[in-house]
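The two complexes that follow have subunit A in common; it is paired with subunit B in the first and with subunit C in the second.
Presenting the complex of A and B:
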């Protein structure tokens, strides 16, 4: 990247953020498939607006389009933080329609789902480069966080200078290991929670207000 | 580049691409070089890896090329270390990134990572 081009882009990014400070921040919920992103998005949306964002499922790639819930007003310590939540499809580098067949889905539907999933991942990457102001990165705390997708995505988020909160989800499950996630990404704040059970959501909202307010 | 004709044997081609070969290519040319090789069933090893922005576009373009029973996507591995954490404020402001990290990329249905840590990537490669 040329010196002038880099400087111009950096200044442009900073000024865009400064002048849009009064608009709701678009916070992308990112992470690998089945980390509980939609469960978290629904938890936040239900707690503060009464509505859900989208259907939750144990089938991978249930979310195949980025979904936005606008003007979610979170009240913390007497002030209000307004954000748009963008629930994104789980990011991966591969999609095999045969994986859907293992979930009692017929072949035609599996092929359709895999095609939609690939479009959704591409869309999520585009949102990350162009259209979000901050990221909530959701990980399943029962799974190994040292995966290539996690490494790459955190690197991409850092390169965009986006504020990021890492949420170690599914603490209600046996085998949950928060320390492993803290060790994987020591440069970022990690917050344990169970989006399904609603455990530790107060700390999650405190941190959302602090990071994205 | 002079190319040798692959011998008519059942094997897996490995392309080791130097940093020098990649440095004058645009981001999209790098992605095309990688994906064209991987879609032919080759294992591509990059001496110096991709920038985060190029990795993002690689994922995006890979997704657009996935096709049932033909191409399931890619497996990609680099050493798990944070390059961006070491950048100075000026480097971050100017968008300068250190990308010097060996990267292995292959067809998802042919390469399986067995082990990865800060110093070692161990992968199993199968024929098509």
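Presenting the complex of A and C:
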């Protein structure tokens, strides 16, 4: 009897999980190279799961494959929001191995990285097409946000009717200009933060819960 | 001085990137476009006191014309309208009489001139920008019907082949990944986004391996 009860309980737990209204949403972290996407993904993952997502680096295109961290449970105001985080390679229209040479990487390795980065961008664009339920778009707030890549990606995200949060990252740096990003995408909520320092992460989590919960 | 903030009237040089994030002085984000020839009119000279327009209207009546001219300037709704030579309600487009014309004629001259201007860098940038798929669709649809109307093409079985051809041609022109040389790539993001299959591996010889839909797995 006890066995049957236990089995029934466990089945009901499984079905509850399967058909729960709060199935994890798959949230893609997108943005240009070196905006701090992996730093943010790691910050979120570490804050709520204790693990990291991938290595961070100053070298552009360090993330050359989309990396996923599943079932990240974010607690806000007494309730829990569960999301899968997908850290994607930085999206760009040009990849040149010479960029890597400046970072003390030999030519053969640079060419390989370049090829992998290109594949990564293709993959990221493909994920955007059908594999994400929402987007966190990360921008380096010290850089000019008015670029073809940003405009195109935000346009695609809007055409997909995906919920999107725009994060103005690197507020710890001197040239950070949040207003510039707000002006570039006035139709979306812009949240300033420093993923590296962990500044303003509370607001980021509030907004993640509100947008993707 | 082709660009001017409509709020604080600060002027920006042609091709200036300063205004891309709004006017640095007042934060305004509306600018009017003033082609080079237009700057020869007294319109801009009046507010800045700059000397470069003194040659155009040396006579003292220019002062009297300043207020109507200035009033008419903000009325041009945008740079686009001015650059496109927006059809003007005022009918006299003759430039030869401008020297001794009334104040109103000066304004007319300024607004009708841009239509014959050569393209500047800002316009060139705008023209060379990438359009979205929707815009491409919109642009693609009119030509076949226009062709049908204009000349008697062989009986139109259906219109779609023309559009399909055009799309195929566009796809040929905008490949998803252009390999300039090993390690140097140009990516067409819209094409990468639009294509069904996911590119999974680039080869050294310029080929790439794709994962076709039949072999897709739900989970990696």
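Quick notes on this one:
The rule we apply is simple: the second predicted complex is superposed on the first by the 191 of 213 C-alpha atoms of A that agree within 3 Å, B and C clash if a C-alpha of one lies under 4 Å from a C-alpha of the other, contacts with A are read in each partner's own complex, and residues count from 1 in each chain.
One rule holds for everything that comes next: a residue touches a chain if its C-beta (ideal position, glycine included) is under 8 Å from a C-beta of that chain, and two chains touch if they have at least 3 such contacts.
Only a predicted model underlies this, so the values are computations on that prediction, with no experimental measurement involved.
Once subunit A is used to superpose the two complexes, subunit B occupies space that clashes with subunit C. Of the two partner chains placed by the overlay, neither subunit B nor subunit C lies in contact with A:142. In the superposition on chain A, A:200 makes contact with neither subunit B nor subunit C. When the two complexes are overlaid on their common chain A, residue A:82 makes contact with neither subunit B nor subunit C. Judged by the touch definition given at the top, the superposed model places A:180 against subunit C, while subunit B stays out of reach.
By the touch criterion defined above, A:189 lies against neither subunit B nor subunit C after alignment on the C-alpha atoms of chain A.
In the superposition on chain A, A:93 makes contact with both subunit B and subunit C. Looking at the shared chain after the overlay, A:158 reaches subunit B, while subunit C stays out of its contact range. Subunit B is struck by only one stretch of subunit C after the chain A overlay, and of the options 44-52, 152-160, 170-178 or 206-214 that stretch is 170-178. Looking at subunit A, you'll find residues 91-97, 111, 114-115, 118-119, 121-122, 125-126, 128-129, 146, 148, 152, 155-156, 159, 184 touch subunit B in one structure and subunit C in the other. Against subunit A, in their complex, subunit B makes its touches with residues 51-53, 55-57, 59-60, 62-64, 66, 68, 72-78, 80, 82-85, 92-97, 108-109, 113, 116. Of all the residues in subunit C, the ones that touch subunit A in their complex are 17, 20-22, 27, 29, 129-130, 132, 134, 176-177, 182-190, 192-195, 198-202.
Only residues 1, 3, 6-7, 9-10, 91-97, 111, 114-115, 118-119, 121-122, 125-126, 128-129, 146, 148, 151-152, 154-156, 158-161, 184, 187 of subunit A touch subunit B when the two sit together in their complex. Here subunit A touches subunit C in the complex through residues 91-98, 107, 110-111, 114-115, 118-119, 121-123, 125-126, 128-129, 144-146, 148-149, 152-153, 155-156, 159, 177, 179-180, 183-184, going by the rule given at the top.
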